[in-house]
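Okay, got some structures for you below.
Below are two complexes that have chain A in common, paired first with chain B and then with chain C.
Moving on to the complex of A and B:
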């Protein structure tokens, strides 16, 4: 197991290098010039070229990559072309915000989708099942954008219960301070965005749990367990659920990765200062260092989460062993 | 709780202290973060707002775009190329240093540096040199008479020692002479400014301004309506305007902005080289409908680069009436007929095909789709492509487009609206328009210092440009401000300026 883990960790290196290279090239080969955006429409061609030179973008690509990779290996991911802030600082600042949303969304997913899926499977083809299926379909089809704005309209404007934008003091800092007022404020700010973000996840995972449970419940060993006279509760909880959960855990892990880097729409609507918004703004301005640094970071984070997911199989199903 | 009495006392004290402090805090919302707080490098509208609050310029443009004294108490042209300013002697920067002519000279000299990267450098290149005559007297020596110079001298003045020392970091650590100073800046989300006690015009009544960056227009509006914000301005969703204007809980003020939206025609395209085709397209562009239906009247129909409510506006410039019949006449005259009966006009075996492009923006996309529908009806094979800004503007600059829908903003002077755009091979002349008469007039307009004569020159240029239609002007952009009624003394400015916050009062939350 340890050997396996170490091997997987070593694999991070080629992953990072590969991602770095691909992102580095992709963002430069796509049309669009950061120097032109920086200099604005009243900038002359000479001004634009001066900026290009100062950014080092006039050098041949291999040279640019070499310099970048060398510095990155030493932990220096450069400075944002537009914000002029250190890329690492930008990511470090945006990360807790995105983590908060992703973790909360994941929690909602687990708390809502798991029971929902299990019940839908257990009471398959009844009204409960149909309702759950309908809600799932709604969740997957509904545009996050639309739902988010509607939620703000209802809860902030009409009811006045929740703030309309922003992260407030932030859940992590609030929890760290222990101040109940701060925690309450942070929670109020985090509620709508994390619920909005979790909708697609909940819908997806509920469906998956349902089908996985249905599949498991139809297995021979479940019939055997029932035949042995075990109570339904034990059959479902101890025997069925554990096995049904395996594919679900994979999906949850993948979902977390998606949530980490893909909460763009939610972050934009709620003015939530996270990674998704950071990287999309950077892409739309061709802020090369920020795009590169953020994507590499997300790649590492997702790889790490996948590793944890893989390792967790060994705990859930004792027959699985790594070598 | 074990000791409720103590908790109550503590809470009560906190409330009392806050009440005694009675800070006047204005919460504003912007659509984008300021790219920098260095006024010399300011490139976006939010950075311009920050410049107005954190810095002062030699002059400031009032709501009629007339330069008013700001740091300068007076100025004089001693000859057509020499401009001398007398500075207010009692001004200090936020760090306590006194303002001197040295700072003024440094600000402009650094901004003119070729490697400095100032986006508006081209506006200042006629300044040949700057002389410091005394602590409070500074002289600008121009290479040639340059009429718009005063319009551009509202540039925020930076302290020469601090700015030179901090270099690229100055943008994150601004020091100015303005009414507010930077207290904190969470990049991408929040800027907090605090009143500057020693502001030379007197400490502002507003103690703090908290600016939140909220990208979505609808959410920003909801935030204002729900009381989470006190002040927002354009961009706002145009369809909400009517409802909000009649709301008793908000003050809504509109004015024409310093910008217009237009179709940029690529004259390198053989189809568009015939002026009759361009004029036909102008006759096919129903500005009134676009203004009323897509923009709910927020942006007005536009016909030239002379902006309404500015000194240079003129009714003498021709307007292309929406006239599809006239358009068809012009197209037929130009030889574009449907000779093969496929519904699309052609000439010499080539179809009349035009691609309309713009950046991703729901309103702009609607404009193009509307035009596509209209133009198709008279036999033009019009297609629409909407894609992201950097690629789009890159294509336009490279001349790789047919007709692009774009806009110009911050047009504080007609020279700014025309010189780079219409001069043969001008830096922003993407479509390749070239007219020797216009070139001559543009040079004259730049140098002519008599206001009336200048206005006549630009009217003539506008008439020529509109006649030849390298641009099809569509809309004069509107500017909307909405705020809590507790904000008193805020003056709506066509450039979007927040200058008036220095003396406004706010009694809200």
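Moving on to the complex of A and C:
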């Protein structure tokens, strides 16, 4: 286990270097002088010389990458062209909003997908199963931006129940304040975006729970449990679901990447002030330092979470032994 | 093929895909209007006999634009999947067949690509090389190759232990011949499944990029950009955002159903 953990941690290093390399090279694909691109149209000649010197842009490409990676390792991605603030500060400022959305979406995924999958498997090949399976197929095929737009159309414009943009006071700060009025306001703002963000994950996880549960329900030990006279509720909940949900934990963890991708779209629709909107705005303003910093941050965070998921799975399931 | 026909959802998926292909190919013939006709007096029209799916902010017929949008969607998806499959199959088969350091290096590259949420990497590439049909296609092709590489690698790992490979080697065949003539044709099934589901992903991703304003640029009709316009004018007309989204979902659903059916047909052990 220790050796496996160390090996996986070691393999994390080339992934991070690879992520940095791709983001570094992507900006080099932009036609023109990289120094000009990084200071923006309003940068002065002095700015250009300063950035050329500090990033070594007049030196060979491998040296430039070395300097870039060294600074990135220290969290230094330079300054935003438009906002003139440190990229690190912008990312830190946007992160809580995105985490809030991702945590809520993951919560919805667990609350909706697990029961849906379990029931569909338990009532396999009945109308309930077919409806659940069809719903999750629709969910997998549903573009989340369309779902978001339809949700705004129905709940904000037609019914007027929920706000269609912004984070309001924010759920984390509201919960911290303990003010019920603020919490209510924050929850109203968060509901549509977090449900929208969860759609793909709900559908994927429900499909997986169903097939994992079907597999488990067919096992001999389930027949034994039934034969010894246990109630169905106990057989399903204690014997089947606990085993069937083991692989689901991994998939839930891996949803973090899906959610981060979805956040890019969801935050744009709902004007949610998180990392996704930060990166989309930065791209449309050609604010490359912000684009680089945010993309690297998200990619490294996603692969780190995936690493933790892998390690925890090996820990939870002792039958798994990695060589 | 026979197995596939016995799978009703797969048949439904196939029919949907054929309909979308038909719409794309014959758009100029079946569309009620010409591609870019503006009619300022008929702005934001609701669905009527003259405009079955309503009109947009320039009074352009939405049905016509959705039919032409199918061309963009499918063209981008087919070429992107082609690029992705070519890169993935090439790298994946090399990794699987040779193993060792080469395998390690290729699989680490796969890991790096998997670290990025696909849409984010697509945005980054499109931001760098500019937004056009061409750049969206290339960006999506460069993103989705990892699935093919992983699938083909594991098939080849299993296949290369088979007797017929050993027999070929004994006969003195060189590696490209063994790999591309004998091993690869036996590993093609799973690739077709990945490609079918991948078509759906590519259609969604192109629409997402265009929706975010980073993909296909107006006035070229793309489902994603029509939806984006629809979002801007949601108060004037709810229809403009509704119909292109439905087109995307139905198309993706078709490819997913087809992919699921192919998976079951190709793998008789599959339980679902």
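Criterion: the second predicted complex is superposed on the first by the 244 of 323 C-alpha atoms of A that agree within 3 Å, B and C clash if a C-alpha of one lies under 4 Å from a C-alpha of the other, contacts with A are read in each partner's own complex, and residues count from 1 in each chain.
Convention: a residue touches a chain if its C-beta (ideal position, glycine included) is under 8 Å from a C-beta of that chain, and two chains touch if they have at least 3 such contacts.
Predicted, not measured: the structure shown is a model, and the values here were computed from it.
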item	value
Touching partner for A:281 - first (chain B), second (chain C), both, neither	first
Chain B versus chain C as contact partner of A:150, first or second or both or neither	second
Touching partner for A:30 - first (chain B), second (chain C), both, neither	both
Which of chain B and chain C A:220 touches, first, second, both or neither	neither
Chain A residues contacted in one complex by chain B, in the other by chain C	30, 149, 152-153, 157, 268-269, 284, 286
Touching residues (chain side chain C, partner chain A) in the complex	108-109, 111-121, 123-125, 127-129, 200, 204, 207-208, 211-214, 224, 227, 230-231, 234-235, 238, 241-242, 245-246, 248-249, 252-253, 256-257, 271-272
Contacting residues of chain B [partner chain A, same complex]	35-36, 43, 114-115, 117-123, 168-169, 171-172, 186-190, 212-216, 218-220, 222-223, 225-228, 388-391, 393-395, 397, 408, 416, 420, 427-428
Interface residues, chain A side, partner chain B - complex	30-34, 36-47, 50-51, 53-54, 82-85, 90, 93-94, 149, 152-153, 156-157, 160, 163-167, 268-271, 273, 277-278, 281, 284-286
Complex interface listing, chain A residues touching chain C	11, 14-15, 18-19, 21-23, 26-27, 29-30, 137-138, 140-143, 145-146, 149-150, 152-153, 157, 210-211, 214-215, 257-258, 260-262, 264-265, 268-269, 279-280, 283-284, 286, 288, 291, 295, 298-300, 302-303, 306
